[in-house]
Amino acid sequence: MTDAARPRLRRFLPVGVLVLLALLPLGFEQYKLYVASLTLVYLVMAIGLNLTLGYAGQISLAHGAFMAFGSYGVAILGQRGWPVEVGLAVGAIVAFACGILVGFPALKVKHHFLAMVTLGFNIMVFLVLRNWESLTGGSFGISGIARPRWGLFSFGSDRAYYVYMVGWATLVVGSAYWILTSRWGRAFRAIRENEMRAEALGVSLRNYKLMAFAIGAAYAGIGGALFAPLLGYIDPGAYTLDRSIQFLMMVVMGGLGRFAGPFLGAILVTVLPEVLRASEGLYLVIYALAVILMMLFMPKGLVGIWDWAAGRRDAGAQPPVPAPPGRLRTG
Amino acid sequence: MALLEVRDLTKHFFRLPALSAVSLSVEHGDLLGVIGPNGSGKTTLFNCVTGVLSPSAGQVRFKGENITGLSADLVHRRGIARTFQLIQLFPEMSVLENMLLAAQEREGTLLGRLFRREDGGAADRAMELLEYLGIAGLRDTFASNLSYGQQKLLDFGMALMSRPEVILLDEPLAGVNPTMIKSLVGHIQALNAEGHTFVVIEHNMEVVMSLCRRIVVLSQGERIAEGTPAEVADNPLVLDAYFGR
Amino acid sequence: MTDFLQLMVAGVSIGAIYAMVAIGFVLLWQTSNTINFAQGEFVVLPAFAMVLFWMTLRLPFALALLATVLVSTLLLGFGVRKLLVARLLQAGVLPLVIATIGLSLLIRYSLQQFWTPLALPFPALFPRAPLRLGAVVLAWEELLNVAFAGAVIGALQLFITRTKLGWAMQAVAQNRTLATVLGIDVGRLITITFVLNAALTAVAAILIAPVYLVKYDIGIGLGLKAFYAAIIGGFNQMRGALLGGLLVGIVETLSAAYVSGPFRDAAVLVILIAVLLWKPEGLWGAKEEWAS
């Protein structure tokens, strides 16, 4: 999507919304604050998947595994006395490296084959997590994961940790925005739109696809690293195919390839079930119906509403300005 | 030394010889036409030269360097641009963005493209080109919303954006109305006069004969004739290839 | 050795059922590029329907079976095709995938909420009597399962290779554009494929219900196994799904008997990863050629 056509005011709207979102939950009580915290974590991961899949067009079912690197990085290094920040960095770097690893098959296969290869990677990581008991605690996982502390100040309380997460989320959102509005972002979109032409115009498919995977994976790793201290304990069951599918749902229902997509998707997936909880048992049924209806009527995701509300029309909907006379008018 | 040289280029698809030992050379400033009946290997030739396909045998040399088998993006960076028979654009990107993408990968480094934010005047150059082609007013329109003729113009513009040394046009006039043909041909001639080198695959004989100074004829993967339009038009082998025995 | 033989038969028996589910899955993919994440639930729903017709309403078996297949083809065949797939095919693969995920959740939790979260028993279709062949003791039930499944799959194979409609399906699977140009009504064919799939899953349901019991959440594991079977065997050929299903059934049964602990379900996953790394088109799949 070209941002060139959007007036400047509308460009600051997302920032305003983000600030609001960030500060609002500080007034919540415990459970709602937890939901908001979870939304933040999911947002970070959805941004990662949106970069790989939405912008660069590379299907990935491996993001559950990338998330695990972050979570287990914090948990395992935390057990050995390292601070959360180190665990996060290590997790993100490992995720980045594995993203490149998983990116290599992406250079050879596409679409459903790529989906299967990334699925295989996710399963492989899951098996390792479950069976390498000495390192990961096996099926029992790791508990007692500490929240970060800076010297004497502890982020142990829910509110303090929430602010901590907002800090990291801001870094992720900001860096993602910076990357996607650079020439890399344009190259990613070109690859998504027409890989062959992109390559014929000098776009190195190898470099950009690997970066799309690696950066998306690193963001997922950061999300996972924030997830672990939120819950305080982790086990392999949280990083299966189901998790990757959950992110896929988030990104598609939010809006693929749109910057606002992950925000809307993360909120939808965490908040909607909570809102529906009032209907007791029925809430999953309604949620499922909502998913189906959304895909039927808004296949491009919730951003469709955003577009409509912001009065933004597709640049192509305006009739093209005719070329000056004397020059050739269309064929 | 020729600018672009193809030596004994051969390409097999399984056992089918799409190209058999084809040789040609392109000098700086040439306007070379490549003609031949359907299936004669013209697009395959382009694909092998530009790195979309890897030839089975033979060499492609550009400015003295052996570029055989290099991937398409590396070939483009060395200065060869091309268009495709079926228009290939980026549908959900605006006309301007299509043009900017076409310019951005030729120079600089990968990391440079991340950290340096200015396009280095590319936007100005793009608008200039769009003006020249007459579609400047469409700059914010998505490529998928353009008419066929407008898309052809954009395609052409994109091939020029990276300031290539050789431009390969694959059937630039296919499906285009006569007025537009005149316009496109005019652009090609004007640019050639400024020193750009063109190799053009075309089926429109009238245009090829009048536009190109030299023509190469392919048939069933082999080069069967080469020369000026007059020489080629009279060549019995060529007539044979087109009209059969 | 006798143990091994018994296990093999048991493995083939359950594998044949997985194969049926996998074949339907693959047929949907081939003709309409639909990855049906709800395939497991397509088995659970008819299973519940059978309970209703056969046990609650006490209809005679044949009638109950007919009613079940009818319900399945109407709801999961026509219904899903017309209401969901028709609209979503143009929207792209991903929205359709998400919609089938939503569908699987819908069926699963509707059954849980509106029917029962408990497991319902399902009587064996075939007598549980043993068949003695010398020292080997086999179960009639398993052999008849294999025979029944084999008959259904065989009939399907005949349909696809010997009838005009079957050829049309193959044509659509291989080259949809060309098929359209040749005058094949692709839309109708996709509907037929969905109906066929619904019938297949209904048959699979009554065969697997005595083994798995009838519960709202058995679709999760079942759908996943069909998916793995299709990947291992080969997504782009019916034969691949068949052999993949059998392989999954055999590996599962053998590892349950010979392997203990956490590695039990890992065997299939390990094979899956191996196949993805070395032969991603599937063990019996055809290499897909990418047009250059």
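First chain written, first letter: the chains are A, B and C, and each begins at residue 1.
Here, a residue touches a chain if its C-beta (ideal position, glycine included) is under 8 Å from a C-beta of that chain, and two chains touch if they have at least 3 such contacts.
Because the structure is a prediction, the values reported are computed rather than measured.
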item	value
Chain whose Cα mean lies nearest the overall Cα mean	A
Far-end chain from chain A, centres as C-alpha averages	B
Chain centre separation (chain A, chain B; CA means) in Å	40
Gap in Å, rounded to a whole number, between the CA centres of chain C and chain B	50
Centre-of-Cα separation between chain C and chain A, whole angstrom	33
Multi-chain contact sites of chain B, meaning residues that touch two or more partners	52
Chain A-facing residues of chain B, complex	50, 52, 71-73, 76-77, 81-82, 84, 88-94, 96-97, 100-102, 104-106, 110, 113-115, 117, 119, 134-138, 140-142, 144-150, 152-153, 158, 162, 175-177, 179-180, 182-183
Contact footprint of chain C on chain A as seen in their complex	109, 111-113, 116-117, 119-120, 123-124, 127, 130-131, 138-139, 241, 245, 248-249, 252-253, 256, 281-282, 284-285, 287-292, 294-296, 299-300
Chain A partner contacts - residues on chain C that touch it in the complex	35, 84, 87-88, 91-99, 101-103, 105-106, 108-110, 112-113, 224, 231, 235, 262-263, 266, 269-270, 272-273, 276-277, 280-281, 288
Complex contacts: residues of chain A adjacent to chain B	1-2, 4-5, 179, 182-184, 186-187, 189-190, 193-194, 196-205, 207, 314-318, 320-324, 327-331
